[in-house]
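In the part that follows, the structures are each spelled out as structure tokens.
Here subunit A shows up in two complexes: once beside subunit B, once beside subunit C.
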Partner chain A sequence: MDKGLLAYLYIPLFTAVVIPFLPKSKPKLADLFANATLLAGLANLAWLCLRPSVIASGFISVPGNGLSLLLVGLIYLVALCVTFFSANYLPEAMPNRGAYYSLLMVSVAAMCGIVTTSDFFTLYVFIEVLAVTSFALITVDETLGGVEGALKYFLLTFPASALIMAGISILLLTLGSLSYESLRTAMSSGLPAGPVTFGVALMMLGFLIKSGVAPFHTWTPDAYQGAYAPVSAHLGGIVTKISGVYAVLKTATLMNFFDGRAQGLSSGIMFLGMLSIAVGALAALRQKDFKRMLAFSSISQVGYIVLAAGLGTPLAVIGAIFHLFNHATFKTVLFLNSASVERSAGTTDMTKLGGLEHSMPWTSWTSVIALLSTAGVPPLSGFWSKLLIILALWESGFKTYAVLALLFSIVTLAYFMMMQKKVFFGKKPAEAGAAPEVSPQLLAPAVLMSAIIVAAGLLFPYFYSYVRMAAERIIL
Partner chain B sequence: MSAFSLDWYFITLLIFVGLYGMLVSRSIIRQLIGLEIVSKAAMLAVISAGALTSNLMLAQALIITMIVVEVVVVAAGLALLVKAHRLSGSADIWKLDSLKG
Partner chain C sequence: MDLYTKLLITAVALPVIGAFAIPFADRISTPARNSLSVLLGLCTFLAAAALFWPVCAGQTVTMAVPFPLGFDFILQADMLSVFMAAISSFVSMVILIYSLDYISHYDNQTEYYVMVVLFLGSMMGLVFSANLLWMYIFWEMTGFASWRLVGFFRSDKDVAKANKTILVTIFGALCMLVGIIMVYFDYGTLDMNVLHGEAISMAAAAFILVGILSKSATLPFSTWLPDAGVAPSTVTALLHAAVLVKIGVYAYARIFGVTFAAPDGFSTAVLYIAGASALVSAGAAMVETDIKRIIAYSTVSQIAFIFLGLASGNSTAFAGALLYILMHSVAKGGLFLAAGIIEQNTHTTDITRMGGLFASMPVTGVAFALCSLSVMGIPPFGGFFSKFLVFSGAAQNGNLAVLLMFLAGAVMTLLYLVRLFYKIFLGEAAGHDSPKEGSYTMVASVMALALIGLALGALIYYPSSYTQLLTTNLGVNLQ
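Showing the complex of A and B:
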């Protein structure tokens, strides 16, 4: 456990315990508590790593491994956007408002646990805590769609947990301990790597199911589409990225894939990553629902991260970390915008929407920024991460994968352009009612995230030096 | 055949029994039972691994934590099942198809 970061875990947990005891007559107090906790955490993190002196020294003085700190910051950022959005989105008379915020806070705490832990068993426990809070959050509006999505999520993540447990048992058998360090030592020693790789492969399979990679992606669209609107931003933006993709990335760096001792596992993961890029992008082309299309796009983008994690060279790891960050920012913007569209126009069915550009300009233009970043258009952040991943692939001789990754990036642009045309540009269908712009409070999170997308793209050198420091610390 | 290889034989068997139960049944309750069998097999694997490497204390601690975690997960799953049954009137997984694309 990275002890310096434990406070980021305890404080949201403490808030989660306090919220149910707040007076029932003042429901807004729960909003205030949740937002204040996350904002304080973010301010603290900004002080820790965005001071000019720290930036000038190349982030040497950042404590712990830089990756945990970056991801804790990301978790707080996305969660703050979600809680701020929910504070203005939830109906005034919602009966379980306190429970909703408590669950959000517990899920933030569990995610911080996942990124700060340093042994596989603790990782497993926090992943389970996160899964339980996600089931409850998905069904918070008590519609059949939500329950159905949560049930499908449940029926696929539970076997994944059993696989992780089986992998843990094999590791216990072969290593005698479950810490990350013992795995790294075993992989860099001269002992035969076969049994250890088998155990890790079982765990990887579990993590891949949880991150919704291609052959196991069937729960993802249902869960994202059925979830309550702000919750789908939380789920798509950060929860599945942390519970699945981060675990895959971390285990991949521990396995030292680039020195070729676990070649089979490495190429298997890369294949699944590529498959997921292709399946996600092609399926997104023919979606009719806004949120469902975003879910398939999410599957496709996760594929890039998994592909880079499977390659495992330092450049690929840098690209993967950067894409993880970017994915969280632009997917949060898009899901929050879909929630705004749902609030304003009453539906997310793209055949019934159109011409919202004039009545909802802010929502429309933040979506444009996010989708251009997703597709990898130059000055924005998504371009740099995809460039790093494709360069890493090309450099290591996987030229087919590199070309395919580039081509599917164009497909990404295609389906997002279709989405933008159907929802925001184009003609308004005759039967659609007026769709006024949502209130500034609902727009603020999307605008903030769009600003971060642009800033991360323009200030890429600073960001790169941070991520390179993080990657060096976790690989060496 | 030593006792331990027999252990692992049964663990594999149990995992496949559970997965088979999940795949062939339409009722969500039966699928949950299948899932439980799979996860119990995984727990047996942990305790067997602990006994084999004379690390039984650690394995027992892990198992107790796993049981607690699993109880919570199963309770959440059963709550979802009850909700789904109330809203749709059936516990048949193939009838839950309102989300499509």
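Showing the complex of A and C:
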């Protein structure tokens, strides 16, 4: 456990405990507490990492391994967007408002636990905590869709937990310890790799299911579609990325120390990554519902990260971390915008929408920025991360994967163009209502995230030097 | 940092950043927004044109911002980039002035001005970039701007055509990126100064060529350009004359003309593709009845002539092709803007429903005729000299089949433009009520372009000696 970062875990946990004790007569206090906690955390992180002197020295003085800190920042950022959005989105008289925020805070704490831990058992515990809170968050929407989504989420991720547990047991039997460090030393000591690889493979399979990689992706669209709009932004933007994709990435970097003895496992992961890119993008082309399209797009984008993680070269890891960050930013914007559209026009069914650009210009333009970044159009941040991943693939000789990954960008662009055409441009159907722009408070998170997308693209050299520092610390 | 470096940065940064100031100017007033847009166009042109001084004196102006992994952001003004930048920004500026009246009664005007200026800025970035990756980045930015501009009218059909435009050009761009990645791993750098004179592998060249052909609407990627004609005429003028399709030929000149030595067989293949493109599109122009589609097919055909000059592999043809870019930009810009006046005042683009318009629109008619003559290549118009140089260079190359294809193409150009002029301006009036002339600024912009075409013919000595000097100084692997 990275002890320096524990405060980022404890403080939201503390807020989660405090929120139920707040006076029931002032429901808005819960909003305030949650937002203030996350904002304070972010301010603290910005002080740690973004002082001019730290930037000038190439981020040498950033404590711990830079990756944890980056991801903690990302978790706080997305969670802040979600809580800020929720504060203005949730109905005033919502009965379980306090519980909702407590759950969000616990899930933030659990995610911080996942990214700061340094052994597999703690990782597993936090992943389970996160799974339970996500399950509960989906059911905050008490309609049938919410409950159905929650059940699917529960049933399909449960086997994943079992696999992870089995993998951990095998590791414990063979290595006698579960810390990342022991796996690393065992691998470089020349022990027979078979059982360890088997254990790691089981765990990896569990993580892949949790991250919704094809062919284990069927639970994600239902879960995202069923949940409350801000909850789906939380799940799609960060939760599945941390509980699944981060774990895949972390384990894959440890597999680097296998010295090629887990080659089959690596190429299997890469294949699943490529499959996800293709399946997600092609399925997204056929979606009629805004949120489901976003869910399939997530599957496709997660594919890029998994593909790069499976490759595991330094450049690939840099690209994967960068893409993880970018994915969280642009997918949060799109999910929040889908929530705004739902609030304003009353539906996310794209066949019933159209012509919203005049009444909702901000939502329309932030969507354009986010979708172009997803499709990897320069100079936005998504372009750089995809480019790094593709360069890494090419460098290691996986030229077919590189070209395929590149050309699937055009499919990404195609389905998002279709979405933009159906929802924002084009003619408004006769039965659609007025659909006015949502309030500035609801727009603020999407605008903030769009600004980060543009800034991360234009300030790529700084971002790259940070991520490279992080990648060097976790690989070397 | 000396004055010229500052001018170079201005030429790129001013329109790119200035474009985003236009919505704020719109908050003040509509005239403020319009004058800011025109001013941005004008200043960009002046900054680009001022760079003629150092490059004619043999200097190269460079500025660089280091980026990791060899992706340095390098802007460089040499004879080729300044030439191209000055043409594009000049035509864009005329189009902006013309837009003031043309666009004034449509929706989404602010977005229109933002995108036109951003388009110009990306074009400036593209021509001045001396790093292949940054060329690609600006290349994609132009794709984005063209997407919004082609989809200016928001009916389902318009948006669908806009999506087609961007999907085709971005597909090409991604292929080009594959080519660029190949170059990156072959040479470890994307800096074109370092790559100067290196041999490029056939595969990389072919991938880059796909990108170029898709952007310059050459066979087999030509269909998006006539379809993009659903956009307002100013936008099509911009795409055809100033920016989008010229990007393809510029990139060809930059990458295969003055940077890499293209492999044998590659140039020959380009010649045949261009020849086929010239013939097919000229044929299409002869049977179409939509004025904008005819001119669009004419562009596809004329672009092929530029490729003929660039790929012929000798300095006469190369210099001719550069002149051709200049002449075609001016004349085609004029044709589209004249078509815009006709379209707006007759409320149709179907030439079978026009006829006899010369009586009511004499100035537009004259300007249209002058521009057509330049495109046909009739002396003493500028278009004659460029076509002559391209053909004489191609004849030196000695590929008879290609030469015959292009001669046929040139004759067809003559035919379809005469037909077009006849159908619109002469003959019997077909069911219209003698529409009036366009507004003062619109007619003046069109006439200015027509007269510049004529003047360029009269003063051909200056541009032609410039392009010859350029070819001698920068050309790679030319006889």
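Everything below uses one rule, namely that the second predicted complex is superposed on the first by the 473 of 476 C-alpha atoms of A that agree within 3 Å, B and C clash if a C-alpha of one lies under 4 Å from a C-alpha of the other, contacts with A are read in each partner's own complex, and residues count from 1 in each chain.
Everything below uses one rule, namely that contacts are C-beta pairs under 8 Å (C-beta built on N, C-alpha and C of every residue); 3 or more make two chains touch, one makes a residue touch a chain.
In this text, all values refer to a predicted model and were calculated from it rather than measured experimentally.
By the touch criterion defined above, A:173 lies against subunit B but remains apart from subunit C after alignment on the C-alpha atoms of chain A.
By the document's definition of touching, of the two partners only subunit C reaches A:464; subunit B does not. Applying the stated contact rule after C-alpha superposition, one finds that A:139 touches subunit B and leaves subunit C untouched.
Touching more residues of subunit A than its counterpart among subunit B and subunit C is B. Of the two partner chains, neither subunit B nor subunit C is touched by A:181. In the superposed model, A:406 lies in contact with subunit C only, and not with subunit B.
Touched by subunit B in one complex and by subunit C in the other is not one residue of subunit A. Looking at the complex, you find that subunit C touches subunit A at residues 66-69, 107, 136-137, 140-141, 143-144, 147, 151, 154-156, 159-160, 163, 166-167, 170-171, 174, 177-178, 181, 184-185.
Those residues of subunit A whose C-beta lies close enough to touch subunit B in the complex are 121, 124-125, 128-129, 131-132, 135-136, 139, 142-145, 147-152, 154-155, 158-159, 161-163, 165-166, 168-170, 172-173, 176, 221-222, 225-226, 283, 286-289, 292. Note for the complex: subunit A touches subunit C at residues 355, 357-358, 372, 377-379, 383, 387, 390-391, 394-395, 402-403, 406-407, 409-410, 413-414, 417-418, 421, 425-427, 460-461, 464-465, 468.
The residues of subunit B lying in touch with subunit A in their complex are 15, 19, 22, 28, 31, 35, 38-39, 41-43, 45-46, 48-50, 52-53, 55, 58-59, 62, 65-66, 69-70, 72-73, 76-77, 80-81, 83-84, 87-88, 93, 96, 98-99, 101.
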